[in-house]
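Here come two complexes built around chain A, the first alongside chain B, the second alongside chain C.
The block that comes next holds the complex of A and B.
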């Protein structure tokens, strides 16, 4: 008879990103029950934001999500702009789009590295981190910081682009496009990956919709839902693009979906840089010490590399938000979805499955 | 974009192609052998120019991490004391700093910057807290503020005023005042740092009352004003606004129009009674206030709030002293004085007009019948320059002329007028004459010219007044002094002026010297002298006068509570001010004397009688 036993993945484990625990019950090496255990990373951002003025929160919001901070800045700024009824200058919209797409491609590179590492292909990890760093250098020049840019702020962006920014970005896009076939050869077209991922942890379309799954995880099941298309923000209405969709819904399809979206990001950056108009980059906002926002509520959402990311804002007409709630994409991906998907899988596949869902614990806990 | 099938064609040989990277150089920067070049906008440690910094604390207020505290850096670095600056400087805890750069964005002087360096090592946790003085700088500037994209609002809301052609035909107020929308927009600019408070002689709670205006709480705003200033509506019109000179916005943009905001808030509150800051129960003590100028009214107001019964003795028939008699209607309308004095009357202050102390009532009697006496008679007599013909009706003192126009309704004026003087009173006179000319002659064939010893650069009148006078067509003759008035058949023909060599002597004292041979003849049939005022203390009997101590500049000596060398007799206003007289200083020392009188009457321990 096989003994049933318990095993924790996390909070400190190479198979998990961030301080998060997955509590497993196993029979042999087969998982019979999985429970997520969050709380190790709770920083109470939403509550802290209620005690800070609208400008001060700028330093807080990017820290919600480490691999892709800019989506926070964009959603926060958009919620405030909606409450204040402000239209931002065209150029700022394009700069935001470039920043957001570059941030997405950086987050996806991180993700590819992580997924490959989970099945033992560490080379992808080294490549991805090194290639990502080339974009980090451009961000450093543009915003003055490597990771927490605090560059997108209500009204537009904080500074205009530096001279030579367009060439730098296009150079990186060109370089990445040349590198992509090498990534394909090494990882996405690697039979090892194919054998491991095909048919693993399959989600059906209905299941995904019912559980509130968004982003590449949903698109990989064949549902074309993307905030960039459905409710275009920033400069997306001016760009010509379509979002790729796959229909398998398994771990393989999810990875390939991300690989295709990475390519789309590169195309969007290219388009946005070429179409970027000249002009102002910031619409004047009130004095930060007396920045009062009219009473009301707003929900602003953006498409992050993981799915629909949103800020829900309630203002009571004072200089601080009355309530802020963040829609962390990974929450539904972990809580009903991963807990269900892990059942019946082998223990050695567990980190890989979690990684293909792109679960980001800082988003779950906030 | 690749199709699904592309990824389904897998191959091990493709994966092996990555082995070629074994022979390539590593991509990592080989630090410290190789140095990374940091970009222009790099947000590293702070650098603060300690002498440029004014210690306003805006960086501390905006810091989302509470990493900045304002501290006295004297043990580390000497800060040169200067006006409009505190002795505090930001001290930054790098254990808390998030390098967001918001402190740099809101720095009004631009002294705070970030450098292109983020390397510091120490085993001592306390070593990560420091004053970011220039001496610590390790690299060149990184993130700095920009004038195009700044959260500060550098430009002021323009104050609507009457056009020169319109305003010179009327005695209506020329400043129209803010609309509510404009006032709130202007109030919104305020950063709330409070550097201006030191500039105000009365130390009014400026950030608080501006914030109340921003929140549309005008009664609360006026309450904050009344705590330190009994006449906020008058000050909102004629104050010399030294606070605005200290406003931190002066470094990068336009100062907040604090005075106009004050005027706006007081205009919104019809009855100040709702805004009185406090009210003590009746003490049963009686205080006599001589003179109803700004200092007298201020003392009367605060003494009443403190529970004492106050009687104000005024020689003239109208209250306000210099405010009521001297300041023209286009700057300070009569109804504004009536409103503020009415507020005092409602509180129970008794006014005795047309009652001259020393004539109608004796000073000794006041001392006998009242528990304390406050002298606030100001400088109510014009100072003569000993010009020939001063006894003729063609030469008049400015203070008499202004009173005749404002109180007695004088409207006649000769066509060619010469005003002697370059101060604000001279401007008031000249601009009043312009209006009378327009009313009497439609401005045809008339001329107003001023003669002042001081040249443009040192003319004591305020810039706004000079500009206003120029716009209205006043002709200036700066750098000339009067020599002789020319009469023909007993009628004034004009004034001979001589070129000024220097106004001040080597000790920077007022002592003009002239080129006696360089003269000029100015045609005119009326001369108004506006060269300063003097006081008259004849109402004080001889034996008390001998007890009274004076300062070297011939002002009454008072202690820090406004008490003179005679016990129970207090003084304030221009009588004790050493600097140029202005209403807000008079209001401030009227308040100070009220506190002194209160201590004296209550015999407070720990107060001045301790």
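The block that comes next holds the complex of A and C.
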């Protein structure tokens, strides 16, 4: 009888978002060691950005993270605006907020689908992808693209909303709010999910803070840290909201935390649409083909659906960035958090645990 | 906050804008500065990276540390020589520095003393060229040497 053996989850396993490998050592079906192995998705974004002009980079950056590309555009634009000393128009701030919150809720829908599928509940996945697609259609009308919008850019947004945009977005929010109880019954209140997730892969508050964990994974341990509150950007200072936190820190809490944040996102979209002023959407800047950014450095950060996402930007006063370092949220979530959490768990729970941490491999292989 | 940081740090402290403080220190004081900042409630290491200032023949090591309590981000920088670059490890201060340090070795060739995985491959397995994020690494030359041309002419300026 083989007692100890090794097993790879990934790089092409349904329990892994994107191409990423976790090398496991097992005793029976208990994990005794877990090591992440990245590099399958390395596309050298940071190097490529140094060789492209500021405008060309706009097409490159959304590709860093597929489920939620808009955060890249926002952080990139905010870093450039800080270096240029540009304040964007009010209306652009509200449009950015709507886009970012819609992108967050779309990413969360994807996430719920993935997590539920890991415990055999595939219906959630089909629902979530279909419901997300309704928002994708609105994005198509707004930006001309389904997934990679390249809509938020330095100085504001690329163009104004189309007639009827407000009704479309509010319609989707209303629809999603009606759908939420159905999701609750199917997934979040499902005894199968509760049994599997309660007490599983628990993180303590101290551990999470030590390891640099952010986002819902941290908030699920009871720490209220959110960039939208701590360093408000876009139109968040004009909106009335509070961020939910939970105390348990286990897989269940992480999922419920995201469920609460999904509801918050819907509320924020609603508020932003209703409060959106009329006016300019782009602060007129010099010819984008000849953008030259003043010398200096800036770190812009936004709250993504997974946690704090940021761009550290160094400009040498030319038309190309000197260095861009991306602060990927998932880096500390995989190394060392997931590697530690998996130890002692059952093999069948491993993909589920990785899913609840919402690890996006391109944020590690950047 | 700036005054508090000035009291514990040997180096230049500038408040760039609200919530951003830039701390420039000598390389010998880099780890001790971060240790002092951690005691000042800078509890989270957000990013550890480097910038290749090839004209000055130096690397700049940058650590972004954040205080959840004070809501301030400190950008701590130190310059090290480009020849035979080495820094001390930060894993005893911020445990998540571990993989960032491995990345420094792989992408810039900066050896991290005290990190057992330093200079080992992380995302680039079997890499035999210059560390790719150094400014003297020519990615177009590397690509033309290592990959077949698709006979599509692309002009770079």
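Here, the second predicted complex is superposed on the first by the 363 of 366 C-alpha atoms of A that agree within 3 Å, B and C clash if a C-alpha of one lies under 4 Å from a C-alpha of the other, contacts with A are read in each partner's own complex, and residues count from 1 in each chain.
Assume a contact is a pair of C-beta atoms (placed from the backbone, for glycine too) under 8 Å apart; a residue touches a chain by one contact, two chains touch by 3 or more.
Computed from a predicted structure; not experimentally measured.
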item: Touched partner set for A:336, first chain B, second chain C, both or neither; value: second
item: Touched partner set for A:209, first chain B, second chain C, both or neither; value: second
item: Chain B versus chain C as contact partner of A:141, first or second or both or neither; value: first
item: First (chain B), second (chain C), both or neither touched by A:150; value: first
item: Chain B versus chain C as contact partner of A:18, first or second or both or neither; value: neither
item: Touched partner set for A:10, first chain B, second chain C, both or neither; value: neither
item: Touching partner for A:321 - first (chain B), second (chain C), both, neither; value: neither
item: First, second, both or neither for A:189, with chain B first and chain C second; value: first
item: Residue numbers on chain A that touch chain C, as the complex places them; value: 38-39, 42, 44, 46-48, 51, 82, 209-212, 214, 223, 225, 230-231, 297, 299, 301, 308, 310, 312, 314, 322-323, 325, 327, 331-332, 335-336, 364-365
item: In the complex with chain A, residue positions of chain B that touch it; value: 1-2, 4, 6-12, 14-15, 17-18, 27-28, 38-43, 58, 61-65, 98-102, 106, 114, 142-143, 146, 149, 151-153, 187-192, 211, 214
item: Of all residues in chain A, those that touch chain B in their complex; value: 52, 55-60, 123, 130, 133, 140-145, 148, 150, 158-160, 162, 182, 184-194, 244, 246, 256, 259-260, 263-264, 281-282, 284-290
item: In the complex with chain A, residue positions of chain C that touch it; value: 17, 19-20, 43-47, 49, 51-52, 62, 64, 68, 71, 73, 75, 94-96, 98-100, 121-125, 132-133, 137, 139, 156
